[in-house]
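Some structures to go through are shown next.
Both complexes shown next keep chain A, but they swap its partner, so chain B is in the first and chain C is in the second.
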Partner chain A sequence: MNFLRVYASFAAFSLKAGMKDRFSFYAGMFANFYSYFITYTILWAITRRFGGIDGWGFEDLSVLLGLNIFAYAIAGILFRYTVYQLDNEIASGNLDNCLVRPMGVVQYLACRRFGSAFLGQIAVTVIFIAGALGKISYHMTAFSYVYLAASVISGVLIQSGAMLIIGSLSFWGIRLQKIAAIFCGEIRSFTDYPLSIFPDFIRLGLTYAIPWAVINYYPSLIILRRVQTNEEFVIGILSPLIGVFFFLFSLSAFNAGLERYSGREG
Partner chain B sequence: MGALIEAEGLSFAYAIKKHGAGFLESVFSGRPEMFSAVKDMNFSIKEGELVTLAGPGGAGKSTLIKMILGILAPVSGKLSVMGADPFKKRRENALKTGVVFGFRSQLWWDLPLGDSFTLLGKIYRVPEDVRLRNIEYAKEHLDIGDLWNQPVRQLRPGQRMAAEVGAAIQHGPKLLVLDEPLARLDAAARRQILEFIKRLCRERGTAVIMSTRDMKDAEDAAARVLLIDGGCIVADSPVEALRQRYRGKKTIKIGLRTPLAEFKAEGAGGYPASGGLTWNFEIEQGGTSMGRLIDEISGKAEITSVTVEEERIEDIINDIYISGLDGAADS
Partner chain C sequence: MVFFMISLKSSLIYRKGVFFSFFGSVVFIAISLMLWRVLFENDSDALSFMTKYTVISNIVGIFQCRRIAESIGKKIASGGLAADIAMPVGFFAMSWQIELAKICARFILRGVPVILVFLPFLRYGTYFNIGFFLLSLIMGHALSVLMYSLIGFSAFMLPDVWLPRRLADDTIRLLAGGFFPLAMLPSPIFEIAYAMPFRFLYSFPLETLLAPSGTAQITGGFMILSLWIAMFAAMNILLSRIAFRKALGAAA
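Here is the complex of A and B:
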């Protein structure tokens, strides 16, 4: 609970300080807003021209894309500039600063740098998801909204967990920023579209090898009532739990790396 | 007062991967070698004591500090800080420890100084009345009141260090650890920080450990000095005993426009170099003054340059290795 108190204050102070340095603060947010606004616009144009993608209309795709972007944005605000770039923290000695505080290292890293630029992504996603849900409200029940909130949290946990795992590799002297960009960027972008349009091995890889599809594809199937198989239903319903377990796994990897850093392991 | 920190046979080694000379060797070898950074240290520090860890770069001071803070776990030996294993009880001990790293800031770079203090107050769960009292104490004795609304990134080095120290004592720690806090400061800022540290020990009974490479800092700061070199404690003594060794010797190099073959100065042994174009003098505390020396030599030849060198800590340590601490009193 203390972490939430600290983080709330940190976020408030960061936003206040950011608004005083207006240009860079708003420029970063605008750049992110604009970039994803264009993405939505392209989706709209494609669905308008071709009548949808594999039966998914613009509103359905907005929910699918929105869950992905929104979860990444929240994780980015928390960890993009610290945990994800842990090699910089280690090389500069800043990790020692985290280890002298009476709180968890990951918690403290979240409170060191606020990724304000990601607020732009959140804003554009909220606009399009809200618009989409308003248009497809016949799909939504009370359970849908509760499940939507749980899916968002799960997505944040998976995205954050991925950043933790990539950052943790630095404890073993492995700098994988370029490869991480591929896994966290290019490969994840498959899930911006319904996975049914790709060969099945892609869906399987993004479900069982790297769980990007659990962030948005399976939850979208549940919310939009597009489930067709038992597998899709089970993974969809369990996605909040999968997110929790993935995050716990990533924390274990991080703590194992921390033990190594402290000289407890070779 | 009981022992706050006790170390017995304390050792730490880093694993360093060394690559082979050839291409294949460098690709396929890389077996780690162990480098002993701290070797078999034994010491104790009492509550309210002020101790300086002095030694050259790479001596093991920072490694020792990291073990005290629980950042690193010893490979052998025992270490107890506030009655607990500092590595296992890192977060609990952190609530009672203040830390300042001289070469990196712990404050929030883009936020006003006051906001950094507020955040730290929440992190350490400091009762508000205690926090405000400690802030007033820091403002009064470190002159940081006027800086409260300035972003940390805009503070000068001396101001930033004062702010770091103030932030480190906000939660009223029993132990304050400072790793080379004076390294990049001017004389006035160093004096301010040292005076505050001494006041903290005297008025609040806070134990303070400060590391430095500068023997002058050790002399100015502490009642007790742990001299460290090569991972070992070379000397653990009151500063007075080390003052016997560190006599404030200075080496003065005077460059001349025309060579001088012979010169004798009272109270300063000198010898020529570069065919008499440079003269080197060693002046001890209480010996001839530098001004008088320059006056005398300028009467013989025109001076082009004057360079002053303090006695290096490495030379002091070397002296101790050769003749021991007691040897200083005899020489």
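Here is the complex of A and C:
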């Protein structure tokens, strides 16, 4: 709770500082809002033309895509400009400052900059997810809403964990970081669509090797009542737990890298 | 062409980053092909068309000159524009040569490997109007240079050029026909897309190459494209004169 209070203070300072340059502050949010609005429009055009993708209508795809984008946006607010770009923090010497603060390095990096531009992404996904959930043909129960919240938190943990792992690769070599960014960026694009349209090895890889499918695909199957196999049900129900374990794993990877770090001049 | 050669050599030397964008292109195309395979599973002709459309669209995208907006914008923001005006080479020509060299390097290092990877999908099938396609590619490149340089010159009026550039990129993503043919767009959006110049960046070259079009249709398209190029060229001349006047005034 103490960390949350400290984070809230840092976030307030960061927002006040950001609003001094009002153009950049609002421009960043608007650009993100517009970009993902276009993404949703393209999806809408496809579903309108073909009646859906493998039986998934626009509302279903809005939930699928929205869970991914929403989780990424929250993780981005926390870590996109600090941990994800750790090579910049190391080169500038800012990481050395983090080591002498009276809080954990990851916590301090989360506090250092509030990614306000991601608020635009959050706004557009909330609009489309809320619209989609209002239109689906069955009633969302109390369990559905609790599960939705838990799966969002799980998605945030997985996305944050991915940023931590990518950032921590800077301790070993920048080129590794660029390779890892491919797995976070390009490979994650598979989860913008229902994985049933891809060959099975892609679904298996995105479930058991790199858990991107746990962010949105399996939770969507549960929320939208599209579960067809026991495997999908179990992974979907366990997704909050998978998120926690993945985040703990990424924290330990980051700390292992930090132990190797001997300072900017070292 | 000195700037072109220097920029080309530099881009070819520092080529390691291109591998990552090549991999990104391959993944993007693979996802799109799998999507079209599901959507067009009962129509093999349409699937073949969309396969070629997706791969060639990715190559056509290499020839868009988006980064000229940032290079001009940065020159204006840093004050370097005043020094560049004094050079014995036209500022616009110099900027264009540098960006063209980067485009050529990207085509060599990313475009050609992508073509080779997806050659089995491109080998069979009919291609129309290859000469007109190449002409539309060149004119589409010219249009993108003029559109994005206009954004770059707006750095005198706006605090930063990244916002209009990003908005242009996203609008082009929907209205240019890069991801799917404009005919797939619902009616009101299709009409807006048809009226805008963005379709000449992707849709017009691709449909010239992949769909049987009459000479009248192609000629009409080139005439409209020429008008758009003339309009953006005039706007560039106007805005660049204002930019140069302000740069020289600031330097004095």
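Things to note:
Please note the rule applied: the second predicted complex is superposed on the first by the 252 of 266 C-alpha atoms of A that agree within 3 Å, B and C clash if a C-alpha of one lies under 4 Å from a C-alpha of the other, contacts with A are read in each partner's own complex, and residues count from 1 in each chain.
The rule is short, and it goes like this: contacts are C-beta pairs under 8 Å (C-beta built on N, C-alpha and C of every residue); 3 or more make two chains touch, one makes a residue touch a chain.
Since we're looking at a predicted model, the values are computed, not measured.
Using the contact criterion defined above for the overlaid structures, shared-chain residue A:45 touches chain C, although it does not reach chain B.
Of the two partner chains, chain C is the only one touched by A:31; chain B is not. Judged by the touch definition given at the top, the superposed model places A:193 against chain C, while chain B stays out of reach.
In the overlay built on the shared chain, the residue A:209 is in contact with neither chain B nor chain C.
In the superposed model, A:126 lies in contact with neither chain B nor chain C. In the superposed model, A:10 lies in contact with chain B only, and not with chain C. Of the two partner chains, neither chain B nor chain C is touched by A:149. Within the superposed three-chain model, A:101 lies in touch with chain B and out of touch with chain C [touch as defined at top]. Overlap of the chain B and chain C interfaces on chain A comprises residues 21. Across the complex, chain A is touched by residues 16-17, 20, 23-24, 27-28, 31, 34-35, 37-39, 158-160, 162-163, 166-167, 170-171, 173-174, 179-180, 184-186, 189 of chain C.
Across the complex, chain B meets chain A through its residues 12-15, 32, 66, 69-73, 75, 87, 90-92, 94-95, 97, 99, 101, 103-104, 106, 108, 110-112, 115, 118-119, 122-125, 151.
Listed in rising order, the residues of chain A touching chain B in the complex are 2, 5-6, 9-10, 13-14, 17-18, 21, 92-94, 96-97, 99-104, 108, 111-112, 262-264, 266.
Of all the residues in chain A, the ones that touch chain C in their complex are 21, 23-24, 27, 30-31, 34-35, 38, 41-42, 45-46, 48-50, 53-54, 175, 178-179, 181-182, 185-187, 189-190, 192-193, 197-199.
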